[in-house]
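What follows is a pair of complexes built around chain A, which joins chain B in one and chain C in the other.
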Partner chain A sequence: MTAVVQAKGLSKRYGNTVALDNVNLDIQPGRIVGLVGPNGAGKTTALKAILGLAEFDGQLSVLGLDPRTHRTELMQQVCFIADVAVLPRWLRVSDAVDFVGGVHPRFSREKCEKLLARTKIKPTQRVRELSKGMIVQLHLALVMAIDAKLLILDEPTLGLDILYRKEFYNNLLGDYFDEQKTILVTTHQIEEIEHILTDLLFIKEGKIVLDATMDDVGERFAEVMVNPDKADAARALKPIYERQVFGKSIFLFDGIDKARLAELGELHKPSVADLFVATMKGTYQ
Partner chain B sequence: MNTITPASKFLWQVKREYWEHRGGFLWTPLIIALVMLAFMAMGLITAEFTAHQNGFTLNGIHIDQLTSHIDADAMAKFQGALDVGLITMGMPIRIALFVVVFFYALGALYNDRADRSVLFWKSLPLSDTQTVLAKVTAGLVLAPALAVLGMIMLQLGFLILMTLYAAIHGINALPYLWSPTHLVAMWVKLAVLIPVNALWAMPTMGWLLLCSSYARSKPFLWAVMLPIVAGVIVSWAQITNSFSFSGWFWRHIVGRLLLSLIPESWINLDSLRALDHANADPGIALGNLLSFGSIADQFATPNFLIGVAAGVAMIAAAIWLRRSRVEAYA
Partner chain C sequence: MSIIWNDNTPIYRQLRDRVVAMILDGALKPGDALPSVRQVAADFQLNPITVSKGYQELVDEQLVEKRRGLGMYVTEGARATLMKSEREHFLREEWPALFARIQRMNLDLATLIKNAATTGEKS
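And now, the complex of A and B:
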């Protein structure tokens, strides 16, 4: 299978700031990839490059096309939800459906109307009359009705309540995703989506610092809760992160034999959020 | 799934502009026409009460003329005057059209960046070239066509009012006011003027779209201040220099960049004044100025042709900038 996104030496600088520093990427079809990083790490810049919205240095191919020169062609196969509330406020719901149907060859009107029927959105409403959550429902209905190969989500649920957030990802998994499709998502609410991800990309200061499947993450990383008497033994194994809870120490290890760690204390699978904090320490200092 | 041709895509994009700007494009000319008709009706009612002993004129047409039997020469003169009246009546709609399209063009490639909805439009398979050209078409063809509809509505309303007014006085005005050949010829002329005005307006359209595409904030300041500051500098430099071209600069650079969207502003006012001095009949004078021959002559002037070329170049630059500019500060 050919890669959906393939980047070699992808770089981008704004004046003196380096937004992307020699990034190499290889995203295969049928994956749900979480691109995670602190604010200003280069997530949005990377997505913009993939979508052909920004110039860059290096090599980048999306579905075999150069996004800078084949944007229009590419957007037949790529969809994106950039942020909440980017639908124009004057647009009427029925006009939005008509318009996307009029310009997108892979859009299914029936599917979109079916999705909208499950919401409280009325065809005669304008976007400015909808709540933030309903705007995202509308946007998602439009996008899910497009049979695209790659869906890019940039903080799609920012500012929404938990009900809308859960519904968003449930719809995406239940009615949209299949092995022909690829989803690339950035979000700060990583704990809410870690169970749906198949791959994890950590980005820090324009560099990819972790590129692994979720299975690999489970293999490589382990969290151990250690009593104070064994803490020094644990430190000798060079944990990548240490924190204290109720007088015990919790250590995060990368690539240490699980049997050895089990001798030190209780073994856990680390959450992506803990892994993120461990990987990104020192970012804002 | 859907069969989509480049032409159908383009039409959807023009339609999109119409949805967004229905207020300026459609309602503005219609409401102006209705308000003017309301004023005319009020004027006629006032005339009934105050001025019936003096007779009544509107737009240079003396109602009492209709009572006498007029000969062919007088009839031709009357028709000419009626044409002038009907055409100049649309002036408020033309001025509104200029203001609407000016601000439409200024916001066309800026507003969607300021509210970030550009990211939605760019998530669809639409080329930047087609997007910008759809906006040019909406501003230079669709909006003027709707303004012409408003003007025609205003003319018809005026003729109906005058016919009713005459009928109240026992006069059948139908043969004088409702000459189908005259009316249709005038409407054809209004329609022909749309592409002529569009080509003339290209430098302003191009300049406004370029500023709209370029500005990260305040496109109005860029678009208006830049040419005016340049004009002031040129005028100032002329004080110290012997050569003099500031008049030329204001007229052919500043004026063309900012004011060419004014409908029929390509009409050479010098020739109008010359005709005026010769005491020519205004109906015939205007008829001559708007004759197809006189319109065709415009195409051959360097002013016209260089303007079109400059407009095309600036629109191309606006398209190029549109490719990678997605940010703006509201």
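And now, the complex of A and C:
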């Protein structure tokens, strides 16, 4: 199968700041990939490069096209929801539907209207009259009605309450996603979407520091709760992270045999949030 | 719907166990359709691959069958198959410990049967 996104040595500088440092990516169709990193790690820069919105160095191919030279063709197959609301505040809902219907050849007005009918949004309302959650609902309805191969979501649920956040992913999984589509999503609320993801990318200071399927993550990483008498034995196995709880030490290991770890204490599968904290330690110091 | 998945068993396995429990309870009967992969993925906020993997386990155990173009259905023999393996599991894993405990407490068969009879009446 051909990769949906393939990057080799992707780099981007803003003056003296390195935003992306020699990034390699290989995203296959039918995957839901989480791109996770602290603020300023390069997430949005990477997405901008993929969308052809920013210049970059290195090789990048999206659906077999170079986003720098084939942006128009690419935009027929790629959709994007950004963390900042981009819908103009004076726009009427019905005008937004007309506009996308007019410019996008793969847009289904019928599907969009069906999605909007499930919300409280009325066609005559203007964007400025909608709540933040409703604006995201509108944006999602517009985007989900486009039969695109790649959907890019940059902090799509930022600032939404938990009901809207659940509904957002519920819609994506129930009405949009199938094995011909690919979703690339960035979020800070990883614990809410970790079971949705098939693949996990961690980015830190412009570098990809973890690139694994969720199955691999379960295989590779393990958390062990260790009594003080065995703590030194655990440290000898070079854990990637250590923290203390109730006088016991909790160690996070990468790629150490589980049977060996089980001798030290109780094993757990770490959450993505635990992995994130361990991987990103020292970022803001 | 929110479920807390336990982190020591893969989720597809926990999903399989839920369906098994529903078949044993009679909540899912032979010939009943399972919800679609898409539906389960949306309801439980799981990726569809996880859901498919859980369903595949059930197919491999011949508890559900795939009907082309229609979806997944509980097989005729599902409950009987499960009962058999549950009974075997009970006799092999749980009964020896339970029996040892009964012996430690010097409970005789007659008392147990008498209690079983009254418990049976209450339920």
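Operating definition for what follows: the second predicted complex is superposed on the first by the 284 of 285 C-alpha atoms of A that agree within 3 Å, B and C clash if a C-alpha of one lies under 4 Å from a C-alpha of the other, contacts with A are read in each partner's own complex, and residues count from 1 in each chain.
Here, contacts are C-beta pairs under 8 Å (C-beta built on N, C-alpha and C of every residue); 3 or more make two chains touch, one makes a residue touch a chain.
The structure presented is a predicted model; accordingly, all values stated were derived computationally and were not measured.
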Which of chain B and chain C A:147 touches, first, second, both or neither: first
Contacts of A:107 with chain B and chain C, given as first, second, both or neither: first
Contacts of A:262 with chain B and chain C, given as first, second, both or neither: neither
Partner chain(s) touched by A:209 [first = chain B, second = chain C, both, neither]: neither
Chain B versus chain C as contact partner of A:233, first or second or both or neither: neither
Residues of chain A touched, compared between chain B and chain C (which is higher): B
First, second, both or neither for A:75, with chain B first and chain C second: first
Intersection of the chain A residues that touch chain B with those that touch chain C: none
Chain A to chain C touching residues, read off their complex: 32, 166, 169-171, 173-175, 177-179, 192-193, 195-198, 214, 218, 267-271
Of chain B, residues touching chain A in the complex: 1-4, 8-9, 12-13, 15-16, 19-20, 112, 115-117, 119-120, 122-127, 323-324, 326
Residues of chain C touching chain A in the complex: 5, 7-8, 10-11, 38-39, 41-50
Residues of chain A that touch chain B when the two form their complex: 48, 51, 53-55, 71-76, 79-83, 85-92, 95, 98-108, 139, 143, 147
